[in-house]
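Here chain A shows up in two complexes: once beside chain B, once beside chain C.
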Partner chain A sequence: MSNQKKRNFQIEAFKHRVVVDPKYADKTWKILEHAIHEIYNHNASGLSFEELYRNAYNMVLHKFGEKLYSGLVMTMTSHLREISKSIESAQGGLFLEELNRKWNDHNKALQMIRDILMYMDRTYIPSTQKTPVHELGLNLWRDNIVHSSKIQTRLLNTLLELILRERTGEVINRGLMRNIIKMLMDLGPSVYQEDFEKPFLEVSAEFYKGESQKFIECCDCGDYLKKAERRLNEELERVTHYLDARSETKITNVVEKEMIANHMLRLVHMENSGLVNMLLDDKYEDLGRMYNLFRRVPDGLPTIREVMTSHIRETGKQLVTDPEKIKDPVEFVQRLLDEKDKYDRIISSSFTNDKTFQNALNSSFEYFINLNPRSPEFISLFVDEKLRKGLKGVSEEDVETILDKVMMLFRYLQEKDVFEKYYKQHLAKRLLSGKTVSDDAERSLIVKLKTECGYQFTSKLEGMFTDMKTSQDTVQGFYASHPELGSGPTLTVQVLTTGSWPTQPSITCNLPSEMSALCEKFRSFYLGTHTGRRLSWQTNMGTADIKATFGKGQKHELNVSTYQMCVLMLFNNADRLNYKEIEQATEIPASDLKRCLQSLACVKGKNVLRKEPMSKDIGEDDAFFVNDKFTSKFYKVKIGTVVAQKESEPEKQETRQRVEEDRKPQIEAAVVRIMKSRKTLDHNNIIAEVTKQLQSRFLANPTEIKKRIESLIERDFLERDMTDRKLYRYLA
Partner chain B sequence: MGIQKDRLRFNVGGRVFETTATTLANAGRNSVFGAMFDENWNFQSTNSDEHFVDRNPDCFGVLLDLLRTQELYLPSNIPEKLLYREALYYGLLDHVRAAKWGQFDGNRLRLSQSIAGQAPGDGTAIRAGPDGGCCVAHGSMVHVYDWMLEEHPPINLDYQRVNDVGWIDSESVVVSVCERLGRGEGGMGLFSSSTGELRYKFHVSHENQAKSFTAGALSFSSDYKIFSSCKGRSNEYGVGVWDQVTGKQIDFFYEPLGWSLGDADKLQWLEGTNCLLVATLFPRKDNCYISLLDFRDKNMVWSWSDIGAPITVDEKRVRDAIAMEESNSICVVNEYEDLGFIDLRMNGGSIRWSSRSRLMKGMMPDEPCYPKLALHEGQLFSSMNDSISVFCGPDWVLTSRLRRSYGGSICDFSIGGDRLFALHSEENVFDIWETPSPPII
Partner chain C sequence: MRKEDTVKLISAEGFEFVVHKDAAMVSQTIRNMLTSPGGFAETQHGEVTFPEISTTILEKICKYFYWNLQFASGKETEFQIEPELTLELMMAANYLHT
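Moving on to the complex of A and B:
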């Protein structure tokens, strides 16, 4: 401690000797003050940096830092007051230019002053916690210029007015704007925000509120959106040119709110030009614009999505329920496909393939397709039509596209098992009549169904293809083992596995003796190679080619159904037969026989039989003759059967009933599977689980599930809990 | 300025120097040379013109060589302080500091200087500052030295006994001291390292009432928090957390029953795990308590104590602890300088003492100092008596030992600003160890 005291004493003595000139500090400061004046007056070329730096250094060293610092503040402030006056007196448009010029001057001067006072900046200022020179210069500029009463509001108004002029289409000096805004930013974020950004956003909101009101009154939706988009881009451009990048979201939020969010519903529902009209007229560009603009505001996209969804549902509902439009199944499905294509195109080209929109589209289709209970049948008929003839001469890729589209519709179906039923029927007809155009296309569709619904769904369909193949081999084998059958009628048999095919138990009709003999031979051949099987003849499904010679020796080959063949063969031994006789001889069921006779006698150009009396309908007492006058341009004549392509009402009921029957075991199986793994489960959960498990095939009806559960309880698969009646237990 | 004719001629204090603008450009814009050649200033650079500079020519030569080579060679005839003053004039002080000593490596340290202080009594703590300065606490005083080892005005907080000090940045030091009963004095304060002024005094409040307290060990986190163990008179035992920017108390972890936090000898903030290590050690308490606190959910996520451990013959008591995040362990040391390790990944583990040689046993000095640990960039440092051992590698093998015979036992040491400071318990002296700059080739 004593040591320290001694040192203090020494320093004191030293000081007295050194400061000889009491005016030293004043003199040195005068030199520096003069230099600062010269710098502000653009007269610095005569100044020596080294000398000035040394002087400032000496002042700090000799403990005159306070004098130097306060002198700097005073001198700079007085210069800034002068500058402020000259800026204030600048007229009109020159105001900003003058401000900018003086700002540049000040910056340069500030840099030079800082150079001179570098030593003070480094030593005196940190230890006294004063503001460093550069920051001090900015603060003084802020207080004396930007916040001076005569400049502050004028500056703000000038800036806002220039922006307004630019918005109304005038060209302004963007470089100058950028410099002035940059100045506000340099003075600190709070200066930029308080003195410019906040009022700018308020004025902008006001401007866009007015403009959007004007536009919405006089523009249609498309035009309005175009204008809004242009405004948005203009503001973005403005930010990049002369505003702080952080203002970007703030100003775009203003435009979005005023121009879009506030008018969203009005725009979407605008009469004759709103969203629905854009959808109807495929206005991709307008839709894309709407999407991009609405995406920026809260609830924007959901609004579009809801309107689109309800529109699709509405039009879809009309499409599937309009009795006019469901007359032709092929046309019906084609319309669905066209509708889907239309919206796919809109979503991909205007809505950037937005997943939520795709989902909305899918759910809408699912909704309305299932409104019509005949949709599964129609879709199957559409496929039937395509596979029968529609795909002739179409390239393989195109076939795939069509099939893929059908699959997409199939996916929307809730009652996939109904589709399966119809598909099976239609496929059977195609296969048995050899009408299918492309085996590849058939198989490709089966593969698609398999990937969609699993092996179980298609196993029977695949079985049908296998039957066709083995039948071919069997018939070949039959003829190879019976070489004596070379002459005489040829028999082609398709052996169909029961269960795989949609066969109805039907009474076998009486075949002509030649044929029945042949059939007997085949039966013994088949049963000889496959023991333990039963073979029954489905005469209602066969076809025959017969050669006929008419009155004047015209020879024709007739392509007829098996029933028709039986009828025609009767005329080998008789010239005239009445209805009763034919019925007795053939034992064909009455309805089929009537249809069969109708097609033989009543179709113009194909009437190989003549009927008395000549009328459209077949009566019990009608008589039939061979039509000796039959002529045809063709050697081969196909006698069609009058068949209803669409199912008639009773048939439909029947199919429906069969579907319901088939569902029962599936529901039961699902219940047992679930209960086996869960052991106990309450009623609501089991309904939910079963519905979930089966939804890939059909939508299970809860009352039906309940019935099945009750049936399972009766059969001791399940039991009700003794205390909680809503709880089921699995009985192993 | 690079395009103009490159050669320059200076007359410094009567001696002529020739150099190039390129060399002087190494000084940077924030130096006298940077300003001098700025286009704002009308600098005549014709070869015939000399520029007169009224400064010391010897120092100018040294500094010019520093700009040429980025290395510092100080001839013995130039006082160090004079060079620093000249460097400050030219704005080259940072260049001098950067060239003065090399990047820290525990295995290449050389004793650079010893500073004798004038404080009475034993040293309490020494803390290295971020830019090569240090502060030394003795009793109730803290002496602050800058990197040039110039002493600045000393610091005290109500003249209370100092428990710990720490640097927040090169300008600010936090000092924690004992409470002065009945006056509300003591506690914790933030001081300017250059002027010694008290800038801010920290407070503890319990149930919205300000309490006086004794602040113990300190730790700082990179997200501007200050941690300190606190001891009050009622419930304010625990670890307080303050914001470095606002100075406000933002959190308090109350000491759980049967555990010790408020008396902690050591706090260490772990950046990787977002936890605070709190260690209370023998002999401050009869038992050792080491725990990791997670302030986000006020949870003690890991703890270890030697309560109930059998007292062994050689009585290994933990005297210091340090968490090593990279190896998920805590390193501890006992009074024989045996290192031990505790696994941080499981609770309730035991210490695995390393079977290092026990040379120290039986040769204890009269006035022993407890061993201290420090960790710096993968090197572990442990002080014992008058030497500091350096351990490296995954198995922490002994690689170097720093020893200086003068000054007695080392009571504390600290690493920072690429320097190691060691404070001796006798003679009031501390040593500065530096890594020399790398060899020329």
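Moving on to the complex of A and C:
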């Protein structure tokens, strides 16, 4: 075997070349120090990067990092001291420019130094946790220049003065401003905030405090807001031009607080130009401005909203309670609509359709419309007026808009059932007198009501339309089966379903014999096809067309009510009749008869009768004659009844009573519905639930609900709990 | 190759390697030399002398620069390093920050 020598490998630690020259470090540093001087003196073109880098590299490698670093700090500091002196000595306006120039120089030098000392940055600094070269340069600049006692305050004052000058309208060097501010930002956010932003905000607050005080003394609200808006925009512009973007909210907050928030109430309530005046004068632009500015501050919009709400409520209240203005229902509703339109426009054009404002508007309307208990009646009268004549020659879309607007008012009503009552009455009159202008419009409104309040609400109204339709067919059938009736008076009958139509106490008057014979024929015809029904005549609702020949042979066709017809027919057999005779012959109720005679004898131009004595009112002893001198330009003369358009006081009471009566079963039904699902419920909750359920129709009165509950208990629908008297149980 | 796009790297023995700037800038150190503001001699003349890097190593380094570019653009190949060069190459890499 070959004797193998065991070879021991020893891996020695790698040794750097030993530095022989003890002055090596000093020598190398001298080279670098010289280079730094040259760099600050703009003399770097002769230097070899590689050489400097290699020297710095070797120094770090040979554990002279500490020496290199402290040398750097010292050299840089001394250079910055000199720079600081030269900046201090700069005169007036040149100060900032000098500062800016030196800053740029320093930055450039700093970058070069960092590049050649990169190896130190990479290895020595992280391991010893010292500040990296670039940051070090910035810190030294901050400590020696920006925070030097002679520069710090001067810098701040100069900046603030320039901004003040710009605020008062001068043009300043924004580029320079931007550079200086940028420098402060580069030195770290704390420098920017402490050395500039804070004092800047304080000075601004002071400035705007003074200015807003001045403006508010001498300007009206609109002008003030214009000025405030301009200032705000100026500050925004300033931020984009030369401030830190993060200052934007801070400075705008200052302006908002000083110019808007602090004067908010005064602005809103300013005499002759405040919010109320803006609303009155439709100043959309000013209102929009106010909205946009106030939106920025806390409580701004609520303030506007409150003032607007109380203003609307106030004017609305005046509108609905002013006895002058409620004389004409159509005018009254038109005013409401105008008011609503006005505020809708303001909200859409000035308040960016803000939902909260819309809600405020709605609740205000709801508030004051219901202040007047006759609002439901008036709205129905308005619709009546529109559907009778107002919609003639109006395009379909316009009809829709008018109806939509009416629906909007309708939504505000708390007592929707009262509206329904009146609407039914008015609709009945329209349908029976054939005065409705557009069937489509009628139906469209019904559909709207249906979507708003449900089938229940409109089923009867729809029933009325159906009755009209079937009646037409019935009458046709009647004439088809009685061909002998071709000559003589014509009868058109509308058969109305009891219940669907507003029930009216029907007192059948004595019809002229020609008519009553015809009526009898119809009755037998109708009952022949529909057994088991009862037919009664509503003579108070009919109309008649009669031909009349007056003394001098003038012929006219008179369009009159059934009552009037009955009265006029009497004069076929008599020349003179007194009131009592007429009343006996016709059996028309006194109040109706008076009205009917009044319209026949007292209306100028339509007075087909003459009466003695001549007076405006009908007395019990008056006598009547045919007015032989009656003339008219037209062949057809329409004699209207003197209708009380608005309800008279007793009628109103009556309607009211009927409404109350109708509510009772509804309340009871609601109570039973609720109790059926809940089984037990205490008093307060049941009241709340019932009110909620009935809200879409009317506002239920708690005492009434209580009465209904008691009545239900009596009838064994509910019982009180034995222990807790406030608790109700449902008895199935 | 246009002159502005290239840089001349000179080894300790005086051999000159002309390489693309893009390639040379794989080294962070060389990148700083060529881009530092203020105009050092290297930026002006477009040449860098490395008195402490031998020709063999510098050649290897130049190869590495191009290999690195290729590798970065997705062409994955092996980069051969002779064992005897390893130590010196590592020192140079430290110096050049590649």
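FYI, the second predicted complex is superposed on the first by the 714 of 732 C-alpha atoms of A that agree within 3 Å, B and C clash if a C-alpha of one lies under 4 Å from a C-alpha of the other, contacts with A are read in each partner's own complex, and residues count from 1 in each chain.
Note that a contact is a pair of C-beta atoms (placed from the backbone, for glycine too) under 8 Å apart; a residue touches a chain by one contact, two chains touch by 3 or more.
Note that this is a predicted model, so its numbers are computed, not measured.
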Applying the touch criterion given at the start, work out whether A:Leu432 contacts chain B, chain C, both or neither, answering first, second, both or neither.
-> neither
Partner chain in contact with A:Ser127 - chain B first, chain C second, else both or neither | first
Contacts of A:Ile674 with chain B and chain C, given as first, second, both or neither = neither
Between chain B (first) and chain C (second), which does A:Ala44 come into contact with in this model arrangement: first, second, both, or neither?
-> both
Applying the touch criterion given at the start, work out whether A:Tyr57 contacts chain B, chain C, both or neither, answering first, second, both or neither.
-> both
Once the shared chain is lined up, is A:Gln111 touching chain B (first), chain C (second), both, or neither of them?
-> both
First (chain B), second (chain C), both or neither: which does A:Val191 touch?
-> neither
Where on chain A do the contacts from chain B and from chain C line up?
-> 44-47, 49-50, 53-54, 57, 108, 111-112, 115, 118-119, 122
What residues of chain B sit close enough to touch chain A in their complex?
-> 30, 32, 35-36, 38, 40-43, 51-54, 88-89, 91, 118, 171, 192, 194-195
Note: in the complex, chain A contacts chain C through residues 14, 39, 42, 44-50, 53-54, 57, 108-109, 111-112, 115-116, 118-119, 122
Show which residues of chain A lie in contact with chain B when the two form their complex.
-> 1, 3-4, 44-47, 49-50, 53-54, 57, 108, 111-112, 115, 118-119, 122-123, 126-127, 129
Quick one: which bits of chain C touch chain A in the complex? Just the residue numbers, please.
-> 28-29, 32-33, 36-44, 48-52, 87, 95, 97
